[in-house]
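Structure provided below as structure tokens; questions to follow.
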Amino acid sequence: VSEPGLPEQHEVPPDLERVIFFSDAVFAIAMTLLVIDLAVPTAADMTNQELLKNLRDLGPSIFSYALSFAVVGSYWLAHWRRFHYIERTNEPLALINLALLGLVALIPFPTAVLGAHGNLPAAVVLYAVVLSAGGIVGGLSWLYAYRAGLCRPDVDTRELRLGLMRSWSGPVVMLASLPLLFVSTTLTELSWLLIFPAQVVLRRM
Amino acid sequence: VSEPGLPEQHEVPPDLERVIFFSDAVFAIAMTLLVIDLAVPTAADMTNQELLKNLRDLGPSIFSYALSFAVVGSYWLAHWRRFHYIERTNEPLALINLALLGLVALIPFPTAVLGAHGNLPAAVVLYAVVLSAGGIVGGLSWLYAYRAGLCRPDVDTRELRLGLMRSWSGPVVMLASLPLLFVSTTLTELSWLLIFPAQVVLRRM
Amino acid sequence: VSEPGLPEQHEVPPDLERVIFFSDAVFAIAMTLLVIDLAVPTAADMTNQELLKNLRDLGPSIFSYALSFAVVGSYWLAHWRRFHYIERTNEPLALINLALLGLVALIPFPTAVLGAHGNLPAAVVLYAVVLSAGGIVGGLSWLYAYRAGLCRPDVDTRELRLGLMRSWSGPVVMLASLPLLFVSTTLTELSWLLIFPAQVVLRRM
Amino acid sequence: VSEPGLPEQHEVPPDLERVIFFSDAVFAIAMTLLVIDLAVPTAADMTNQELLKNLRDLGPSIFSYALSFAVVGSYWLAHWRRFHYIERTNEPLALINLALLGLVALIPFPTAVLGAHGNLPAAVVLYAVVLSAGGIVGGLSWLYAYRAGLCRPDVDTRELRLGLMRSWSGPVVMLASLPLLFVSTTLTELSWLLIFPAQVVLRRM
């Protein structure tokens, strides 16, 4: 009942297991810290009407929370899938992975800027650049693992290409959307939602 | 000496193990971030009387900390029990699990709003809706795992139904309590404590 | 070369492993969140003298950071040692463990209050009560595991008693120190350092 | 295809595994908390120009984020490599490791001070001292593990010396740079970048 194309796994050596769990911890914390930007309206003796208005004003922050959670979640899924096929690690792969985690850990920052200033092009560009960098480095880690012979023997160039397309589809959508800034920041941000159907299409391949 | 109805476990494949530990990390961080809302009274040169008064004023925040910790804890216990019976994973299950984690990671936000404005219906509704969504999606993940054949062969429809009842008892209590808002916010919040005896009854079944 | 009294371990079943790693995550986050209370002096255009003075003023906060880190660290060590001897889990043990984690996750709050108001008895009592509660519940989890037959067969009542003394030595020191508040808050806090030699003595036994 | 000098690994006993994963969690959280210091410019109705200026003003904070991420990352890599060769643990090693983690968890604090006041010698000294302490204690844990016979039988004094040099190269660079403070704080901070080529050279050895 396992998915087609996701073959059985064997033992994971402790070194590799540690790289994976360390990555999971960084992903989990970055995803959970996103919520810190949802600042609670704290004025004492607020009326129900005022609280409702305050919650409505948090709309853009909640959009950027959900968007970042979905993007980081898709990066985690890509990481999870890549390491399904990687059966050994070495220090260069651990280093590339650290670079990826450094970008993932940074994501709460552009997310907060986008939540506060989503109508400003600078916030949109910052967000697109940081999140794209994460996707690009993620793809590089997969490319390196393949070239260095750290993948399982049954991974072929088709699998390699598919993994790269999955990793880089997010960056391609985000960077390609930037010219839309001349039209509207809202349109640019909404165009990023194309990442998710793109992922579904790639997963079917 | 293991509990009746909790049969022996076997090897967990690395893919599934990673989904589980990633979930544990998100649960752990969300539970620990709840404490951040307990803002420390920082005015310098405070007297002991003033500090005591400040700590007493934190009462509602401490109530919402304890309530959220207990609810998220019960979600974690439900997750722990579900994955006792799940022996394989696939990408759709990992995705549903991510959606659940996105809701769990959000919980510090409604908790903080409830701690600051527990007397306002909007805060109570926000809290009940977000926490119920977590419980509902948790149950859906269990339903999906069963339907997709990812559970152990000895899981039958009785086990399925019991798991759904455990997952959905919290949402049912919380959503059913909302009409009590026409009476009192305090009464509504206190009625949520019914979740815990309900869990105990279901566990006995 | 392993320590006397710390016998070999065997396989850990997945259920128990998950309880342990979830606990580790909560301990790790609670310990790391302690640092958030070390508020950075942010006034722009500060002179070196002013920064030095600000850092010196953080002295009490750094003391409470180090104290809490050491206490939580000793709780983690006690947890680590207890679960060396526990070979199965059940839902009641997972629940008692959750209660322990709820207290551990709370520790950054009394730590921050103590850092800001270490000269006020209310801050000292709050700190002693929350940290003692953690130690007491930790001991209860060990007592429960023993009584419920979840420990390895080679754990005898001597081991049980030693584990309880290790778990409860912190609470005993802290609660017994409270009468010293009539003399001085500083003396009370310094007396807590007795926990660490007490641990060493107990470890030798 | 594994690196020369990084021999095969065998089973990791549960006790040791727990020390490792607990360490990973603390490293991961400390690295991720670094981003909290990147305070979002929140003034409402900011223009794009003002946001750009605010982001440029964050330059020093972003430098200290990247520097700390890289240093903590190199400490994690050193930890990862050390525990590749350690095959057993005992309480003293767990304790030394806790002391290391207490210093790692502290790193967000000097990082924030350096980001806010990088032009002040006190901030530079604080940063160099805390980060060096982490590196020094990391080396001590390796020295202890070797002396206590907790390493694999194939670890010889050459491996020991190399591990110590890797652990202590960061502290040596940082502490040796402090006299540069009489010239310039910027120069002192830039000199720390020498840590990374030093690591590369040592890894080749």
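In this document, chain identifiers A, B, C and D correspond to the written order of the chains, with residue numbering beginning at 1 in each.
As a convention for this text, a residue touches a chain if its C-beta (ideal position, glycine included) is under 8 Å from a C-beta of that chain, and two chains touch if they have at least 3 such contacts.
Predicted model, so just to flag it, every value in this text is computed and none were measured.
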| item | value |
| --- | --- |
| Homomeric contact subunit C-subunit D: same or different residue positions, threshold half | different |
| Relative to subunit C, chain with the most remote C-alpha centre | A |
| Where subunit B and subunit C are represented by their mean Cα positions, the distance between them in whole Å | 25 |
| Residues of subunit A engaged with two or more neighbouring chains | 21, 25, 29, 33, 36 |
| Subunit D-facing residues of subunit C, complex | 1-3, 6, 8-9, 11-12, 17, 20-21, 24-25, 27-29, 31-36, 38, 40-42, 46-48, 51-52, 55, 65-66, 69-70, 73, 76-77, 80-81, 83-84, 203 |
| List of subunit A residues in touch with subunit D within their complex | 13-15, 18-19, 21-22, 25-26, 29-30, 33, 36-37, 88, 90-91, 94-95, 98, 101-102, 105-106, 108-109, 112-113, 116-117, 120-123, 126, 148-150 |
